Amino acid sequence: MWWKILMGLLITFVVISVFLMPPPQKELGDISRIFFFHVPVAWVTVLAFLVAMVNSILYLSRKDPVYDLQAAISSQLGFLFAILATVSGAIFAKNAWGSYWNWDPRETSVFILLLIYGAYLALRSAIEAEDRKANLSAVYSILAFITVPFLVFVVPRVFQSLHPTDSIVNSQIKIQMPPLVLLVFLSSLLGFSLLFVWIYNLEIKVTILHKKIKGSLTIK
Amino acid sequence: MGTKSSTWTSRVLALFLKDFKSELRTRYSLNALVMFAVITLTVVSFSIGMFSLSSKVKSSLFWIVIFFSAMSGLAQVFIKEEEAKTSTLLKLIASSESIFAGKLLYNLVLLLFLEIIIVPLFIIMLGFSILNFWLFLCVLVLGSLGLVCSTTIIAAIVAKASVKGALFAVLSFPILLPLLVTVISGTNLASEGASFSQGLRDLQILFSYTVVMFVASFMLFDFVWEE
Amino acid sequence: MICRAVPPKSGQPDLPRPSYFLICVDIFNQKLDKEELFEYFLHNFMISLEVKNLAKSFGFRKVFEGINFSLKEKESLVVTGKNGSGKSTLLKILAGLLRLSKGEVNINLESQIKNRGERRKLISFASPDLSLYDELTALENLEFLANVQGLDFKPDELNKKLDEVGLKGRGEDQVSSYSSGMKQRLKYVFALLNDPQILLLDEPGSNLDEPGLFLLDNIIAEQKKRGILVLATNDKREIKYGDKILNLDQQGFSFIS
């Protein structure tokens, strides 16, 4: 309970200070404020993916439908956050570098996550039987997760040659952030993570209740 | 009375040969695969016309054709078993590991056969010059192996879905991305005449990808195959 | 070398009952490997099938629950019930084609057999849900099925099997040219290829004409001499094949001696 309040406070703090404080990157100006939303949202996408994969593994080893439910919900949320991350990234790219899409390695990775989520949800909607749906989507989730290290390793190599756009994003992280910026950034990171956890838990409870009302009651 | 004598490899081979024989007789996947590849190639060649392209672009186009052809034909190996209701038969007589290996081998042979047809055609129709042929061959074979290792289990997944459509391509693409990126880069290097040592990095990535995906698919296949 | 306290087969009263010491010596002398050991047990011990508290649900839809029965060698069970009562589902679970939701299915050959490969060797299944490969000939199908299971049959042996089910001379024809009755007969050849200890038949009389039903009668009689038979059917005439009857509608048991 307390963490929900904390989350509320954090996000309020973040939203207010993002617009009131001086922009974190002077060269880029106001657009750099998006940094406080874009990066945490991208981080949550990755977090959701991790949660989905862990739940998938748990489902395959214990066969409890709750894990499948959790994996599905985590993926749905991850999909939403991936869209947010991609769009906010594109807006930033347009303002900072002139075009919406640059195949910058970071952008590409988030987009690929978006594709993976999309594929996962497409798979789930293509199967009717509950146990088949759970098994197959769990397997796919794990497979997708395994390819991610390869993506991380391979993608930057290829797209490096195109555009040194990453340096700007990197410089904000590598260079010591001024204390205020750091504070707002970390609060945003924590706030969004907690937001994810909150929505995740809520969705699970709602879905379980929904299933109980429908009369299908074998959830432990 | 039958005497019992078999090794795991002979069983896998028996499964492979059955698919092979079956395919030769119906030519179901083979036709789709080859026709699709040839048509795509023709379209590409036609739309490029006299325009001159860099070897990077040609390498990419080559693998795009291979990728989409694979997407059109490699899922059949499991779909036809489900549709003909012969998958029950397989489950009764063979372990899931042997079935996976058999189907993987079959898909590999199918893909390699397709490439034997496509590579010469591509070279001719698009004027694709390959300076380091051995590197190209290594990248091709290793890349095909990697492709088959990761897509066979996805084919098994798609066979169990009710709405198949483009599901195979949608599911395979994110998984194949690292492979596609690497294989295009390797093919490009081979085309430009880079030495083997320069291409080694790509080959290493392909090799590790193939091994990892094979092991993961092998372990996860049971969950897909068993009801 | 496994030397456990083992109740040896006591079906034939005129044979002396060997002590387990002698069994160990026997195994040791023959220097059997794992597969041969399995064969050894197969020929010397009785098979039994035990189902405890079996339940199956598909997602949230319950098909059946609380199924209990046990069968010893030479016993047969007939499963009846309305359409959709779960007869085929039960058989598929016994065949290892479907996972059970709750309970246990134990196959015992001296001790419980947990290895899936070994269970596969003991069980055979024939059902309308099963098809052979249409594009291959009957002989090609059988050769394939034999090879994958590690069984060695010469072509004339297979032809003889085809003769036995009334498919004489049709071995070289593609299965797609077969009538449904002929396909059913071919399924029986497949089911009996590995001399199964446990034979599972789902709607065995479907598609069969009079001679076909007569053949079925023989097959069932043979199986009852060899091992365990479980049969699922709606046909009143086939109920006579069972020593025990399981009616899935009432979840009750009746015995026919």
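As written, the chains take the letters A, B and C, and residue 1 is the first residue of each chain.
Keep in mind that, in the parts below, contacts are C-beta pairs under 8 Å (C-beta built on N, C-alpha and C of every residue); 3 or more make two chains touch, one makes a residue touch a chain.
Owing to the predicted nature of the structure, the values given are computational and were not obtained by experimental measurement.
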| item | value |
| --- | --- |
| Result of counting contacting C-beta pairs for A-C and B-C, higher pair | B-C |
| Of all other chains, the one whose Cα centre sits farthest from subunit B | C |
| Most central chain, judged by mean C-alpha position against the global CA mean | B |
| Centre-of-Cα separation between subunit B and subunit A, whole angstrom | 32 |
| Whole-Å gap separating subunit B and subunit C, where each centre is the average of the chain's CA atoms | 38 |
| Centre-to-centre distance between subunit C and subunit A (centres being mean Cα positions), rounded to whole Å | 52 |
| Multi-chain contact residues (two or more partners), subunit C | none |
| Interface hub residues of subunit B, defined as touching at least two other chains | 227 |
| Touching residues on subunit C, where the partner in the complex is subunit A | 57-60 |
| Of subunit B, residues touching subunit C in the complex | 1-6, 10-11, 14-15, 17-18, 21-22, 25-26, 84-86, 88-89, 91-95, 98, 226-227 |
| Subunit B contact footprint on subunit A (complex, rising order) | 60, 112, 115-116, 118-119, 122-123, 125-128, 132, 135-136, 138-140, 142-144, 146-147, 150-151, 153-155, 157-158 |
| Residue numbers on subunit B that touch subunit A, as the complex places them | 150, 153-154, 157, 160-165, 167, 170-171, 173-175, 177-178, 181-182, 185, 205, 208-209, 212-213, 216-217, 220, 223-224, 227 |
| Residues of subunit C touching subunit B in the complex | 35, 39, 95-99, 116-117, 120, 123-125, 127, 129-136, 140, 144-153, 157, 190, 193-195 |
